[in-house]
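So, here's a batch of structures to check.
Heads up, the next two complexes both have subunit A, just with different partners, subunit B and then subunit C.
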Partner chain A sequence: MSGRVAITGMGIISSIGTSVEESFNALIHNKPGITAIENIQTIHANAIKVGEIKKTNTEMEQELGLDADNNYSRTAMLGVLAAKQAVQNAGINNINEYNTGIISATSVGGMDMTEKFFYDYFDKEESRKYIDSHDAGDSTHKIAEQLGLKGMVTTISTACSSAANAIMLGARLIKAGKLDRVIVGGTDALSKFTINGFKTLMILSDTYNTPFDNNRKGLNLGEAAAFLVLESDEVVKKQNKKVLAYLSGYGNANDAYHQTASSENGEGAYLAMEKAFKVSGLKPQDIDYINAHGTATPNNDLSEGRALIRTFGTNVPHFSSTKPFTGHTLAAAAAIEAVFSVLALQHNKVFPNLNYKTKMEEFDLVPQTVLMEKEINHVLSNSFGFGGNCSTLLFSKS
Partner chain B sequence: MTGKQYISGYCSIENNTVKLNGQEIFNVPDAAFAEFAKQLYRDMETDYPKFFKMDNLSKLSFLAAELLLKDGDNENTALLFANASSSLDTDVKFNDSISDKDNYFPSPAVFVYTLPNICLGEISIKHKLYTENSFFIFDTFNPEFFANYAAVLLNTDKAAKVLCGWVEFLNDEYRAFVYLVSVNGTIEHTPQNIQTLYLS
Partner chain C sequence: MKKCYINGVGCVSAQKTFGEGFLDEVIVNKDNNVLEISQPDYKEFIAPAAGRRMAKGVKNGIVASAMALKEAGLDQPDAIITGTGMGCVVDSEKFLKAILDNNEEFLTPTSFIQSTHNTVGGQIALGLQCKAYNFTYVNGAVSFESALIDAQLQIDEGEANAVLTGGVEEAGEATMHFLEIKGNIKSKGQTDYDVLTSTSKGSVFSEGAVFFVLSGDKQQTTYAELKDVAIYNVLDKDEVEGKLKDFLKHNNLDISDIDAVVLGYNGDVDFDGYYNELAKNTLSNIPQLYYKHLSGEFNTASAFGLWLASQVVKKQYIPSAVLINSIEKKEYKNIVLYNQYKGKDHSFTLVSKC
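Moving on to the complex of A and B:
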């Protein structure tokens, strides 16, 4: 395994924008996308806030030019919109010109349609088309179909670290010479399934989420999709292509602590960061900005904070969680935060950790709370999933 | 490193009988699995109360792993497990708890076991294994797969040892065949030898 992994394109849709440019503008002008929920009828509507994309399914069907009898879930449509942007941004005209794959992450898959039509399946034949789009892999195959991609298609679902693991798998396939080019990222739509599930776990905030704040009350769920185009050094050279940034390191580790919760000492997170440094050859002191997982749940921020201190000692670099902007977009989180990490490198900016007021009593960590300009050469991005599935990605300037 | 690998220990649990390296070491005639598992747990003098919260598949896997990992140095031991019925035994139980609208009691404590790889989590938590782990579903026991996959893990230095397991549990029918692969031992880790031990 050798060679660098270049990022040559990116696409994104989230509650703060439907393109890379819109997202960047929202991040530098303090414009979060957290609102009341509109597209889903739920009894929790008054008790939660969400990072919702203000497009209805019908609007997206029209935008994508889908037939009336299509069976696209919202997850698939968001994924197609973001993946098409990424491919266009990478200047790819013939997707199958090189050996190209797609690895997409999702946690809900077609659950949004299943929960809508589940009780109709017996009586109403016209709704049964959505049975086929329930499984997680269907959304990825739909994206591949829309891109005309004939290569490898696979789907990863490891809760909130899913997209980081999709990006990691893509990078490893390129390094191993199995693929020349791969579209990696994730997509997750809001659904009652996740709203009710997280509500039951009592980790949804009833107001705006406040990562790394002593009085944090939990997370806001969000929906999003984002994809990166990764290409091998060789393919980049052949096409004389512009490189946006390099994916310089990655690591995944488990926590060996609990079936769902993260360990209090952040063992898995610490190991994931350590592995990413080993892959990249970088040292903790090389990192200029950390895009933290920072979900604003009591468990995550304590565990992640302790892991940061274990990794960086007293010199923790400027860090922020961008989840006050987008909400926690679950399987898409690491993908949208990969896009934000590349934007941080390109524009030399540390994005603010909004809503922060009070330092946590357990340690001295204070996130960057206002937009900051500084020379940024290396960004570390964390994503941790239920079950102690911990992943770290490292991005470096091109 | 592409040297030979060996099966350094193996065990089976079926029909209320435990065999370790071919020798019968424990037996409880005429008991349901729950009772048999409890007695085996006590016999092994394992002090791990979380055991009692596990579902059947995790209990079976945990006990078999315990027999092989109990006294060893398990650092960097990967887990490679498979079966044919996934977590169906618990899936059905969970479904029963939510299928009646008037008697609707979904329990997170049951739900968490509706994935087969949770048994790997239980073993990892007990033995503090921060290592590679994967759970696969096959129609039948597949010795070629175990031989190849374990060899790759060892040859690429992803692990120093690999605990391989076929753990099947469905409707009171169960069988565990678990073995440890490393660079030391006398039985070479070949598909034929794996199959022979599985059938023994």
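Moving on to the complex of A and C:
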């Protein structure tokens, strides 16, 4: 158990861009991707806004050169697009040259197809090809197949913290010497299933989400995929590779409070951050920017805010939630925010928490609302999910 | 690498796998394409009011984990790591059908809340008030093995000393129907459900929950040492033997050191050839065990396989119901397990007497 975990490649697709460069430009030019929904027929179309990728499935099938009889879910296609970018960005030509794995994350897997064809399966044979693409692991298998990767392939699903946990496992496998290189991240497509699920929980905003605002009304759902390439120090040295940033810490804890709601004092979040600091050897005062989970639900932002105060005291560093840009992309959220965290380190920028107006009455925390330039050496990123699942990642400058 | 011991087990399956006995009374299926589980007395483990809201997968997970914890004498694990290929199928189906049947109206959140894949892990944590590390793996037939790899890593890193880990799968009505029309489950009314002699595609399915307490410390209840676990997304048939040899070599063992092999034969004529690669060649001279004729196939059925191997190492005998050949050994020191599903998600697991 030793050595640092280097990030050598990134790939991303979300409602604010189909590449790392496009995403960065959107973040620094205040261009959010929250719109009316187009690709899914839903009776809630006028009542919600979403972070939707404006590509149809057919367009993505063409882009990926898939056969007409393919059974790729939207989740799988988004994942393949992002993972291919990451591998290319890392300059990998022979994926199996080193002991390479892939750890992906998804919340609903192929639900987007299951909900379309559920009743068709009974009598329409042509739709049945999607039966085998329902399970969460199928999207990861397809990504591995498209990359030509043979080896350790697995998937994590812990709701909205999933990708943070995939990144965490990848880092631990590298540190333990079980893998030399690992592609980590997550992918989730919008689905009627999740839209209606969050709708019944009454935590969907009917307008643009406003994290950490006293009058916040809930979240906008989004879809996205992002992957990072993690490599061991040894592999980096051997290839004389450019390191984008280091993954310096990680922590996971359970709130053990409620299946869906976060505890009032942010216990799980506090414990996750505490563990991440312990793993990294960093201290709270070393953090220059926090990319908060900040979903803009009344419950999350209060709980997370309290956890931040417990962790950082009165000196909470500059923080923002980037979910007003992308929406809450569920299992992919921590992966796209990992990319944003690396961009913050590379460009010394704190991205703005859009749509914020009024300070929350419970505490004095005010997010950074405009783009800010400052020296950034360490970024903390939080992600929390149903089932009390709380995760923190720490990224450090290369 | 720190040692990792199996100190407690809990198994809810299509057989009577709790209480006394070790597969001395088994139900051998001849008539069903989906096996029903032998239900534990849920009231012993879950308050009836809470139990009514829980889907059977969650209940079985809670029961199996409680059994494992009790046997190991552990109140609070340092980590809870769950594997489930399909997740909470019953609540997912319920919520999806409600959306489709009522055109997205009149929905209630309960089944959505309980539909996420990490519901079992979350509910176990909630019940134990356990704030520790909590992961859920969802990768088909290696969902459970992924959890095992993580658990072993947790112990090796010194992050955890005692880990609760297991696999749970739930049979949902619509999902079982879809898998049958897709040919993954053998058709109703077929006559060749016998796993070893079947000549048709697909397999007989079931559900279940198997949990283990893994620990860095050996104790009186210890079953075996969990030596190593490896997973591979795809393998060709001719790669299996080589991969097994590499896996054993990595553990300083040789084929001749293996005293028994537990194989995941499921009666699918298209894919059981993977097991033949080992059973008919390299491992033809040692006791061979199979179990899916008892447990049925499901994404985490291999956890039943590990339960079986752990029992054999502890009790030092093999029940006749699981023997493929008639070879016996005086001592069962090292047992290797091999599983795959439809040529994907291959795993080797090695347990040893300690």
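Assume the second predicted complex is superposed on the first by the 398 of 398 C-alpha atoms of A that agree within 3 Å, B and C clash if a C-alpha of one lies under 4 Å from a C-alpha of the other, contacts with A are read in each partner's own complex, and residues count from 1 in each chain.
Following the convention adopted for this analysis, a residue touches a chain if its C-beta (ideal position, glycine included) is under 8 Å from a C-beta of that chain, and two chains touch if they have at least 3 such contacts.
All figures in this text were calculated on a predicted structure; none of them were measured in a lab.
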So, after the overlay on subunit A, do subunit B and subunit C clash or fit? They clash
- Query: Which holds for A:387: it touches subunit B only (first), subunit C only (second), both, or neither?
  - Reply: both
Counting residues of subunit A touched by each of subunit B and subunit C, the higher count belongs to C
So in the superposed three-chain picture, is A:346 touching just subunit B, just subunit C, both, or none of them (first/second/both/neither)? neither
**Message:** Once chain A of both complexes is superposed, is A:155 in touch with subunit B (first), subunit C (second), both, or neither?
**Reply:** second
Practice item. Report for A:57: first if it touches subunit B alone, second if subunit C alone, otherwise both or neither. Key: neither
(request) In the overlay, answer first, second, both or neither for which of subunit B and subunit C A:214 touches. (result) neither
Counting only touches as set out at the top, which of subunit B and subunit C does A:259 meet: first, second, both, neither?
both
Subunit A residues contacting subunit B in one complex and subunit C in the other 200, 253-260, 267-268, 271, 387
In the complex, the residues of subunit B that touch subunit A are 108, 112, 118, 121-122, 124-125, 127-131, 133
Seen from subunit C, its contact residues with subunit A in the complex are 80, 85-87, 92, 95-97, 99-100, 103-105, 107-109, 112-119, 121-123, 125-126, 128-140, 142-143, 146, 149-150, 153, 156-157, 174, 177-179, 181-182, 184, 230-235, 299, 344-345
Listed in rising order, the residues of subunit A that touch subunit C in the complex are 1, 42-44, 106-107, 109, 111, 114-115, 118-119, 121-122, 128, 131-132, 134-138, 140-141, 144-145, 149-159, 165, 169, 172-173, 175-176, 178, 192-193, 196-197, 199-201, 252-260, 267-268, 271, 385-389
Contacts from subunit A onto subunit B in the complex sit at residues 200, 253-260, 267-268, 271, 387
